[in-house]
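Labels run A, B, C and D following the written order; every chain starts at residue 1.
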Amino acid sequence: MGKVFDAAEVAKHNTSKSCWVVLYGKVYDVTDFVSEHPGGANVILKLAGKDATEEYDPVHPSGTLEENLKPETFLGTIDPATIIKSEPQPGASGKTEEYPPVQSLLNMDEIEELATKKVSKKAWAYYYSAADDKITKRFNTEAFRSILLRPRVFIDCTECSLETKLLGNQVSMPIYVSPAAQARLGHPSGEAGIAEACGSFGALQIISNSASMTPEQIVANAAPGQAFGWQLYVQDDRNKSVKMIARVNKLSAIKFLVLTLDTPVMGKREDDQRSGNVINEITEIEAPEGSKEALEKQVFAGMDPSLTWTETLAWLEKQTSLPIVLKGIQTHEDAYIAGLHQSRVKGIILSNHGGRSLDTSPPAVHTLLEMRKYCPEVFDKVEVWIDGGVRRGTDVVKALCLGAKGVGIGRPPLWGLAAGGVDGVKRTLQILADETKTCMRLLGVQRLDQLGMQHINTRLLEQQVYDGPSNLAGYRVQYSSKL
Amino acid sequence: MGKVFDAAEVAKHNTSKSCWVVLYGKVYDVTDFVSEHPGGANVILKLAGKDATEEYDPVHPSGTLEENLKPETFLGTIDPATIIKSEPQPGASGKTEEYPPVQSLLNMDEIEELATKKVSKKAWAYYYSAADDKITKRFNTEAFRSILLRPRVFIDCTECSLETKLLGNQVSMPIYVSPAAQARLGHPSGEAGIAEACGSFGALQIISNSASMTPEQIVANAAPGQAFGWQLYVQDDRNKSVKMIARVNKLSAIKFLVLTLDTPVMGKREDDQRSGNVINEITEIEAPEGSKEALEKQVFAGMDPSLTWTETLAWLEKQTSLPIVLKGIQTHEDAYIAGLHQSRVKGIILSNHGGRSLDTSPPAVHTLLEMRKYCPEVFDKVEVWIDGGVRRGTDVVKALCLGAKGVGIGRPPLWGLAAGGVDGVKRTLQILADETKTCMRLLGVQRLDQLGMQHINTRLLEQQVYDGPSNLAGYRVQYSSKL
Amino acid sequence: MGKVFDAAEVAKHNTSKSCWVVLYGKVYDVTDFVSEHPGGANVILKLAGKDATEEYDPVHPSGTLEENLKPETFLGTIDPATIIKSEPQPGASGKTEEYPPVQSLLNMDEIEELATKKVSKKAWAYYYSAADDKITKRFNTEAFRSILLRPRVFIDCTECSLETKLLGNQVSMPIYVSPAAQARLGHPSGEAGIAEACGSFGALQIISNSASMTPEQIVANAAPGQAFGWQLYVQDDRNKSVKMIARVNKLSAIKFLVLTLDTPVMGKREDDQRSGNVINEITEIEAPEGSKEALEKQVFAGMDPSLTWTETLAWLEKQTSLPIVLKGIQTHEDAYIAGLHQSRVKGIILSNHGGRSLDTSPPAVHTLLEMRKYCPEVFDKVEVWIDGGVRRGTDVVKALCLGAKGVGIGRPPLWGLAAGGVDGVKRTLQILADETKTCMRLLGVQRLDQLGMQHINTRLLEQQVYDGPSNLAGYRVQYSSKL
Amino acid sequence: MGKVFDAAEVAKHNTSKSCWVVLYGKVYDVTDFVSEHPGGANVILKLAGKDATEEYDPVHPSGTLEENLKPETFLGTIDPATIIKSEPQPGASGKTEEYPPVQSLLNMDEIEELATKKVSKKAWAYYYSAADDKITKRFNTEAFRSILLRPRVFIDCTECSLETKLLGNQVSMPIYVSPAAQARLGHPSGEAGIAEACGSFGALQIISNSASMTPEQIVANAAPGQAFGWQLYVQDDRNKSVKMIARVNKLSAIKFLVLTLDTPVMGKREDDQRSGNVINEITEIEAPEGSKEALEKQVFAGMDPSLTWTETLAWLEKQTSLPIVLKGIQTHEDAYIAGLHQSRVKGIILSNHGGRSLDTSPPAVHTLLEMRKYCPEVFDKVEVWIDGGVRRGTDVVKALCLGAKGVGIGRPPLWGLAAGGVDGVKRTLQILADETKTCMRLLGVQRLDQLGMQHINTRLLEQQVYDGPSNLAGYRVQYSSKL
């Protein structure tokens, strides 16, 4: 394994001129890589000369190192006795005996509360943060609460089933796990832990493009019939995306691709910025100069902001035969255009990225109501799923009444994982499934396909829904010729 | 009385394999009964090997023991000197000298405040709790507050009377006591104490199916002319219901049956769950397995969730000649269908079960406004009563203006009972009656039948009332042929 | 002066069987009067056997004693050295050096804040209290705040005048002092102190029927041209009212009578009840019996609840030639009926009695908007004034824009008086006058008659205003024949 | 330099009879000037006999002394060793090491928070204060938040530019600095510091008429092409304004004049009054007399309240050839009239003076919506800018979508300056520019001219916008003949 270094020697290489880091006991010279790091140079420079394993490990899937560092950057191994440990994270004190068992937690708030106590501040900030003043994050949940339910009586509700199909895949509930990154920040079992919980409940899971484990690891122990989706952020360097899709094509458990569209640039997540998760290159390094050019650079590390309906869908169609789902639709216009592309697009997910992208963007229930007003035919062309702010079974039911087929949860499984590992995610799914069934029974409904607009009162919300100009005819002309 | 046991001997039988309990000084082997307990096995297992009298007594009417335990389960008596007492409940410290007299309490909030100080946490949780986030519970009261009154002047209001008839029974006020269970949790005088207070005021009382005293005990000291209703939850085992109705038929003070429809399965009352009142069998015992079948079992212990308009009403008609009232109507559709059944159904109670059943279900004033919009003729076919959130005389008046004939109070008499026994319930009724009269006089109204839509401004509320699809013509076809 | 008593001797007569009190050094046997006391028997019984002067003096105008007690009740004088003083009131500590000067107070809130520190709890409760949950009290102010102003620019606003006429009386501002009782509770200068402040500002004042000074005392030092109104509560014993009106007829400074209609029975003012100001006869004494008859008695001490348009106006017309103003109109219907009586009624005051009468009754701006919708012609028939919740000059301007000619303030002058005596009332008037002028100038308006609907945006409020049934044609038929 | 005074000698002249002050080491006899001081006599009298330099300096541009004091008022110099210093301001403790660097501040709130810690209470009050209850100040920001955004997807947003023209001047962003007085209260670099920051970002700045530096000083180091506007308050003494405009005409960096119209009299800023910044002459000195005449005097010191469309615009046209912008338009009517004057008026600024003028006046977005409803053609006649409450890039985008071309920020640059001098203002501009671009990209927009009503949902706001009487035809007749 080559040379053995003393930590003091490594510590000298702590600048952008000469930057060494220790990972898993090995010493690397990452000087040339610093400026290419998708997460920003500063993240590395902060750890220059140190053992970075604790920081590095939970946010990088295995294989990342090999893919990104050339062999010659490996210098040797470190003498373990000499390592300078990075500071332990608060919350990781292991005093778990004070915490209540996850089985005693009654709702999503309690799960989040326990998780908040357990995880590091950094993980908390990553999971909790949303754009700007978090108005959309709050509104996502409040919008559900402003819809009233209309319980019917004297209906036999002995039987009640949550079973349904999502894109043709049989699932035991319409609730699925949205793609959310960095699960290992919350718990070592990571995305595979979430997969284990989903498997035991027959629930669908979408794997994040930025998962902290490889897709192969995540689906490795899939239950028979367990279905996954895989989320794609198209990379600036398309080759990287091509390779990833090729890997995903080989995994039979992955049944569809989800192309996320609502984050061509990253939203402003201030909790995240404060915690140091996100290094805003401009503001920390170049902004003092205040030069206008600096403003141009604030783009999502490695993401391609140039995607378009015609070009990107055509390209993607060549990469895979999996059904394509578009995530991040927030207007009836884009839902309508997706419908025009129904030959390629099999589903859309109405989502504002959990309020993480653009503050004061509308909750998914707004978009559902917009679609019902302007273009209800889209519900027949593509499958419509939603996510954002779902915290109760009643929220799930309301979304289904409005026409959604699938209802995603993003933060809850992460909080569940952080609160109790695999059992925490199971608890999360169980609570929501129980609540959903209770709600259905109290509405006098046995099957999901019986839910409809007659079961909800959306009057308050309707008074807020967009009623401005639309131009659907124009879009038909624009896109129909290209299909 | 057979053998005398030492408490230490009893204490050994504290598992599901061998489960003994002490009740009223007698030792029972309830091992076989544990799994049949309508309140769940765990409730019993928690008390296994102990004297359960303090826990058991306030929530079971007399006779329950004999009905449910076979003679051979009686093993002998306990040696009192050896008993291990279960811990005393907080609040039951008897330091009543610090509390203000109930006559000094000015409104429902103050009565609830005093009761909260006096009762055990368990009783508080049972009375206070409501479904999920308690949105409907709050909304029940807020909906009343959002209606404005329209006081008229220069009208002689020297005379003012609250007298009316409810289902033909002369009462001194339109305010009645809704069926609420487990009054003895709050005060030993229990439902009979409430009856005594109602008798002195000429107010009507509906006895809960889950009362902590028998109907016979409750009506035993009824005042001349005092009227009661009796609430029925149809049991899974219909024979039990048949027997109960037969008993009720014999009590001349009971003038009508109230069939509760809004709780085919139990709502999610988290305060109750936290206090241990409700043992969620699935989540505590089976949930860790996460099996899908487990989800099927969360049903209301012993309640029959299969009731239907045609079957159940026909069955009930055979059991009794008492007038039938349906409780838990929350939509104009069901109010309309009830009207179609006017040969059997004499009244309906618009109720969301005090917000305890389905969160974000509408308050009764919503349903009143819905009915006025979609099917006002129902008010002429069946008597319409309401409950939920009534805390002021102005709330009572507003409900009457909207077309209700009777206005039920559920928690207030329980808080009153807990705050001051029979005198506390009297204080509750007196305050509401006083406030109602003051309101009527300030509106310029002498009699209840003079109240109408011209006395209230419901504009804010109307903007929230359901205006979605309806299908009353369809229901007419569906049910008319079967009547 | 007859016999001299020792306080210990007096103290023995402390029951309803034999009840003596000391007033201004004299001993009275009030045993026979206890049951006739308009404020209730308990108020006296609490002071039985004691020196009641401190409690009695600030709430009774001079002459009250002589009018109500027969000569034979006077027993003699008390030996001052032996008097048992009633406890000093909190707040009356005289530590005025800590308080800021009234000239430094910037707005109504600061004046109320200072007054609250200075006055006794009893006076605070009397001034502050309102009905039930104080929803209407809050709403009175919030309704003004929800109206937006529409400032116009490029208009010469060098000149700006608040001068106007109220019922033909020239005044220097449209702001007048509403009738409010018991000013001496707040400050010894009492209603005469308010009159002095009004005189220096040319503002109109309405004297309360329940003032703590006689009308003669209040108008004694009126400035030249200073105008007053006098408020009438018609007494059960009409002779009392006839005598009072006769006295008022002789006072040339009193220009009109204000008949208050919104309190045929007293609203439920819980702060007042808690402070002991209001003795609720029923609830404290008879309620424990819970008899139904007890409910009948809760009427406003001495007030006549049987007033009607036809009888009462005809009677009143015989008592005086002063213009009559009706206070307490809260619906467009009653405003319309008042207009039908324009031969007798010269003005109406839209008022909910400062929220003290019926909770959830509408603020005056609601009634103004109702009138503009249903019967705008009434503004041409009678002068329309309003009161309730006015705390800013912008509130005054908004009321005027909606059609009011006069804008009353009830609590603010009382707080002003309590905060700083005559100077405190002056400060109150000055602040509101300054603010009103500033607002007019910023709207681009020089004179009050230029204000109109174009200066305000009432859209939010209009969405809440009554739009239910009306029957104005019916009233025309009903009353026109009797005029 | 004449006589040298001992501070004790100067201290004797501390009354209105003989009033001396020390400024920059010189002694002046200002007795005759006291009553002429535009800021009120009391401001000077408070400093009589003292060294007033610290109070005087940050709020008076250089040259003020020479312009206002006659040469004979100069008496000599002070012996520095004997000076009685006025008390140091709180916040000026210089303990800057505790404060975070401005580069770490993430949004406007954090910048204001830091500035609040750093500045004197007086400066804080001047910057923070707004009229009455600050309802309009709050509403300015809340109105933006109530507008929802409508993000579009699958649009190439690689390129994104904030460049635009404001009145023909090329700028790098639509965000400009509104005229705000007394920048040196916050930081010694004052308005020139703001200019330096604007220059580095290519942003436009409007110089306040009441700046604490002269226009010449402010524009002295303008960057090439850097554009300024200059704000005019027309003075009572028009000659003063004529002279100022003549000075401004000579400064080539100043491209237009902004005539402020929304403050013909000063609004009631209570924080300011409490801090002693504003001396309300009437209330402190004359009010105790309560004379009616006193009410007439509350006018804005030196400002001319008699401006009118026809006279003032004609007068102004003679003073300058610079384009004229009218600031303070708050109604569609005045926007329309401005459009009628398009030969003279090139732009209008919809503004309520940051809520400092008339409380409950509408936010600029209300006026934009009013204009779109009543007179959309005005957008084509004059350039429409807005200010008030802008705190996020999303606010900027929403204003642009509604038709604004420029978006002003008033308090943020002052807070920025106070928080960190020139760097603080740069940080302010940078954050808003970054946020604006992020928002545009997430909406799928590359250039400002692509923004439109299709990108926002204003439904909640539209329900509050004025829909009362208008009389545009009348204005056309009235003004067209005079143009």
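The rule we apply is simple: a residue touches a chain if its C-beta (ideal position, glycine included) is under 8 Å from a C-beta of that chain, and two chains touch if they have at least 3 such contacts.
For each chain, UniProt lists the protein as follows: A, B, C, D = L-lactate dehydrogenase (cytochrome).
The structure presented is a predicted model; accordingly, all values stated were derived computationally and were not measured.
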Can you name the chains that touch chain A as well as chain D? none
Looking only at residue numbers at the chain C/chain D interface, is the share used by both copies over half or under half? Answer same or different. different
Which rotation angle, from 0 to 180°, best lines up the CA atoms of chain B with chain C, given as a multiple of 5? 90
With centres defined as the mean of C-alpha atoms, identify the chain lying farthest from chain A. C
If you average the CA atoms of chain A and of chain B, how many Å lie between those two points? 44
Report, in whole Å, the distance between the mean C-alpha point of chain B and the mean C-alpha point of chain D. 63
Would you pick out the residues of chain A that each touch at least 2 other chains? 463
Chain contact graph, described as a line, ring, star, complete graph or other shape: ring
Considering only the defined contacts, which chain A positions touch chain B in the complex? 103, 106-107, 145, 147-158, 160, 162, 172, 197, 200-202, 392, 394, 423, 426-427, 429-431, 433-435, 437-439, 441-444, 453-454, 456-460, 463
Help me check something: in the complex, which residues belonging to chain D touch chain C? 132-133, 135, 261-268, 270, 273-274, 282-284, 287-288, 290, 292, 295-296, 298-299, 305-309, 312, 326, 328-331, 333-334, 337, 352, 357-362, 366, 463-471
